[in-house]
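Following are the structures in question.
First chain A sits with chain B, and in the next complex the same chain sits with chain C.
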Partner chain A sequence: MSTEKQSLRRTLDRLFVPLTVGPTMLWIAAVIVYPTLKLFWSSVFWTNPINGQREFVGLRNFQRLIFAEEGGAFLGLAPDFVSITWHTIVYVGLSVSISFALGLGIALLLDKDLKGRGWFRTAVIVPWILPYVMSGLMWRWMFQSEYGAINGLLTQSGLLSSKIAFFSDGTLAMMALIIADIWVFTPFIIIILLAGLQNVPEQLYDAAEVDGAGRISRFVNVTYPFLKPSILVALTIRIIFDIRALDLVWVMTQGGPGKSTEVWASWLYRTAQVFNRPGEGAALGVVLLAVTFMIVAVLYNVFGDSPY
Partner chain B sequence: MAHVELNELVKEFDDVTAVDGISLDIPDESFTVLVGPSGCGKTTTLRLIAGLERATDGEIRIGDEVVNDQRAYERDIAMVFQNYALYPHKTVRENMRFGLEQHDTAEDIIQDRVAEAAELLQIEELLERRPAELSGGQQQRVALGRAIVRDPAVFLMDEPLSNLDAKLRVQMRAELNKLHDELSTTTVYVTHDQVEAMTLADQIAVMDNGQIQQVGAPTHVYSNPQNMFVAGFLGSPSMNFLEGTLGRDSDGKLQLDLGTDTHDVPAEFADELEGYIGERVVLGIRPENISLNQDGIAANVHPATVQVVEPQGEKTVLELDLDTDQTIKAAVDPDTTVEMDDSVNLRFDRDSLQYFDPQTGESLTYETASEQKVTA
Partner chain C sequence: MSTNQSTLGQLIAALGLDTDNEWPHVVRERLVAYGLLGLYVFVIWFPIYFIFITSIKPSGAVLDIPISFLPTQPTVSNYVEIFQNRPFELYTLNSLIVASTTTLICVTLGTVTGYSFSRYDFVGNKALLLSIVGARMIPPIALIVPFFTIMSNPPLIGGLTGSLYDTRIALILTYTFFNLPFAVWIMKNYFDGVPESLDEQARIDGCSRWEGFVKIILPMAKPGIAATAILAFIFSWNEFVFALVLTSSEQAQTLPIAVSLFVADDFVDWAHLAAGGMIAALPGILFGLFFQQYIVSGLTQGAVKE
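The block that comes next holds the complex of A and B.
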């Protein structure tokens, strides 16, 4: 081989890694690293809504959102922060846990050799493939106080004597939101867990049967260890989705009545877009990101070790 | 310890009859191998004994008890699975303990049994590891250990060696033999590997189409197959079958007309074959019972042309075309020097001939052949 060819070859060898990995790295930098840094950057500025001028304020945005103070005196946590955090915990906690329990149950059922299983497996995905906004509109109509299907059902069946204005009561509105959320996202859990259940080797159930393991013991000792990776994926994605879920909330209640169904995602949107305070919105985004990371870390700790 | 008895056992899955009325007596302390091709119903039979499938009809007895309605864990059996089926998140020790724990066995007994089994199988140093950290052979030992600690009346083994490499399989086969000698637990073993079946079993049951084709001691079944299926299934390369019309030669002796060649039927089979004169009959001869006739023309030799020479070390397998256009295999001495296209004369060992009815596949000479072997 000539020296010229050799040196060309060496140059190509040297460029191989940057050329192949480079575009991906650039892409990641553009869509993940830059926006994240931008978020952090924006969270320490205050933008004048009138002339758009930006002023560095340090952690002031965080302070204003999280703490209540008057004239420099610290009065504890901000009431909005406390109540909205509480709504978020209730909303995410209840929807995730109920849809997880439901999803697990249905997945276990669908994993069995039941008649019409194929049909049901397909049908069960429908709520999830509908656009969230559409689902939100549908449920808003379902819970509508005058002509809604749910009021209709409850009054016509005699369970209720008068119709309920679901969206005029904070608790009922939250309940409506949670029901819609469960309806939309349970299929996702079912699909992920069903895929996980296919990974459990049939022979292990046989072995457990021969060993004398009962139904619960079989679930704990055979199904669960194999399902853990799927549970991790399902819960992680589900919780992240719910923490940032804006669509359903915005379409169904817009955080109302009052602020009774305001959650972090809608609060963030309202702050940044409606009240035009990008700095505070970004600060909220940072908090959300941190909380999400912590939750994911906990989930990985609990479900992270795989049996393989 | 217990004997196992299957009476007219039937298992149907929707339209498929996987086990079709089999009856089998598995003596106490025996090592019985169910052998047959894929889909013959051997694994289903084992699962029926285990209680992992419910019989459609018939009766299963373990000891003196009919166990049809008992769950697997009530049957005093332990099973070793093809893929080991170890709990992946449990250590070896936990895997072995699990069955005993489910049966509420006292802690000191559990510890003793696990220690004993681990010692027997030489897996003491693996006890704290997880299955993923073990080799195939080690996992197989653990699976055996899990069965042994239960101290069951019957071991059920479903192709336990099929996932091991050839060398390890031979080694584990020997160990299984030794283990059975030591424990003397009644064992029912399923395999499609006839060598495993022949080497491990005191009794083999050859299965096909959900039915037992023949039961007996391995060597007996090998030498005296009751039908063409058994004859063809056991042995590698498998038995040669040559079909012809039965008639008489000029001396009035029975002769099989193979077309351009004839085969003289030994006189001892005359009584059994008498009734088949003028009918089609299949001659069966194992490759190892065919030799090359080096002494020139003699009675009852068959001219053939060598097509393929396969030296296999301990023997050389020849594929030959008979003058009748039938193909035949012969396993000959490895020192034999023949080449492709050589013309040879084949001599069939007259003590190893079998005759079958081509319609039913049944042996026509089973009685005489087996008597002959016994007296010889």
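The block that comes next holds the complex of A and C.
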């Protein structure tokens, strides 16, 4: 081998890390860091919808979204902010807790030594892999007031005499959304918890059984300590993904009827794109970003030791 | 009848429900488990079944009362019509191009970078890795305003291309934002599980770092690469929010948008929507049925591992 070739090899080897890490970092700087900085930057400007002129307004965008005021007099929190935050809490809280309970139950069943559990696992995972838009519209069709399957089942079996207009009632529309959300995201909980259950040493179950521990005591004392890291990951990802999720809400209810199913994600989209107020949309984005990081920090400080 | 009984007997034995070999309470527990799992699978697959039979009903029959839960007069006309009356071949093409290009970029960069993160303790290693974890937590929807602005008037290349709004390039660039950190993270965790002695052996055998990586390590990493690729493809294929914000015509709109377009203000064309939805769902269903173990391993590598 010639010396030039050798030295080229050596130079390339010395540059291995910069050449393998550098391009990715530049890419990340361009598609993540730059847009995130721009988000903060956009949140302090107000754009005139008529001539597109931008004006620096400081924290006015945040103020306008969160607080109610009239003629400079402070009147408390903005009603929209309060109700939309409440919808988000209800939506995320109920979806996450119900799908967690369901997912844990199914994961425990799938962890048993059952023949054909591979088939069950496949069947159980599929809803999560489908496009959320398709799943949302599918559930909208299921809950459709005249021709939907749920009304069909309820009336044709004689359980109900008249059909229910699910999407004309705020509470029922929220319930439909939550059911769709549980349907879509429970597989994710199952996958993560099932992987965690594989870490529980089999002998410990046997030992607990010998000691005469009951089902509940076995779960609390044997399964839970090993499962805790997976539970934390499943809950964290589930919550932060639900707060940001627009797809289901947008194709099922668009926040309606009225504003009864408007959540932060749909509020953000509506503000930025439908009402064409990028400054306020960006301000909401900043709030969403901050809330996400706060939730992760709280969950990990309360339940866990190290983040990821 | 006797053959029936023996098949039933075989089934019972195959499922481990025969009391000859096991304690009765074990058998009872298994029966309950099968019952509950069966019920759960039936309930979650029912909507998929219903939208599927909606897609193969004649479009008028979708609005029949009473609702028929069996596919009466099955037809493919809805599938044919969405390609005839709407540019579904373009939507499908856009989805394919966007998802596969995003996947290619993220898998390539994620693999080489994940390897370096796993093997080398370079300056800023920890900080960069932490920033990648942090980047994964950024809610994509928070960034719709900056991405819209950037794509409408891209810096640096703006003078060359003008606006990237309503182009597939805009979607590809945007989708790398949530897929690339994920790819780096999965691949780093995957390489952590490949023994370092293999690298050392390659070095002893006279391989350069590049040769050792390409010839020895990369073949070992195929399952990790497959998992990353499948997940990146699915995430990009299914993405809706940025496609909604960044595209407006069939030159860039993807299948999730195409399906949502069947919803008009008051009227929803359910039969054709169902057909479009089934096409959009097809890769997911196929990946789920045939590559389930990659999806599971990718997700757990990406989420659980330290």
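Heads up, the rule we're going with is that the second predicted complex is superposed on the first by the 276 of 308 C-alpha atoms of A that agree within 3 Å, B and C clash if a C-alpha of one lies under 4 Å from a C-alpha of the other, contacts with A are read in each partner's own complex, and residues count from 1 in each chain.
Rule of thumb we're sticking to: a contact is a pair of C-beta atoms (placed from the backbone, for glycine too) under 8 Å apart; a residue touches a chain by one contact, two chains touch by 3 or more.
Since we're looking at a predicted model, the values are computed, not measured.
A count of residues in chain A touched by chain B and by chain C gives the higher number to C. Look at A:229: by the touch rule set out above, it reaches chain C but stays clear of chain B.
In the superposed model, A:27 lies in contact with chain C only, and not with chain B. Residue contacts after overlaying the shared chain place A:243 against chain C, while chain B stays out of touching range. In the superposition on chain A, A:106 makes contact with chain C only, while chain B stays out of contact range.
When both complexes are overlaid on chain A, the residue A:206 reaches chain B alone and has no touch with chain C.
Using the contact criterion defined above for the overlaid structures, shared-chain residue A:217 touches chain B, although it does not reach chain C. Comparing which residues of chain A touch chain B with which touch chain C, the overlap comprises 307-308. By the touch criterion given at the top, residues 14-16, 29-30, 33-34, 36-37, 40-41, 44-48, 50-51, 54, 62-67, 69, 105, 109-110, 112-113, 115-117, 120, 122, 128, 131-133, 135, 137-150, 173-174, 176-177, 180-181, 184, 208-210, 234, 237-238, 240-241, 244-245, 255-257, 259-260, 262-263, 268, 270, 273-274, 277, 280-281, 284-285, 287-289, 292, 295-296, 299-300, 303-304, 306 of chain C touch chain A in their complex.
Contacts from chain A toward chain B in the complex involve residues 201, 203-204, 206-214, 217, 221-222, 225-226, 307-308. Contact residues on chain B toward chain A in their complex (touch as defined above): 47, 50-52, 71-73, 77-79, 81-83, 85-90, 98-99, 102-103, 132, 146.
Within the complex formed with chain C, the residues of chain A that make contact are 9, 12-13, 16-17, 20-21, 23-25, 27-28, 31-32, 34-36, 38-39, 42, 105-106, 109-110, 112-116, 120-127, 129-134, 137-142, 144, 146-149, 152, 156, 183, 188, 191-192, 194-196, 229-230, 233-234, 237, 240, 243-244, 246-247, 250-251, 265, 268-269, 272-273, 278, 281-282, 284-286, 288-289, 292-293, 296, 306-308.
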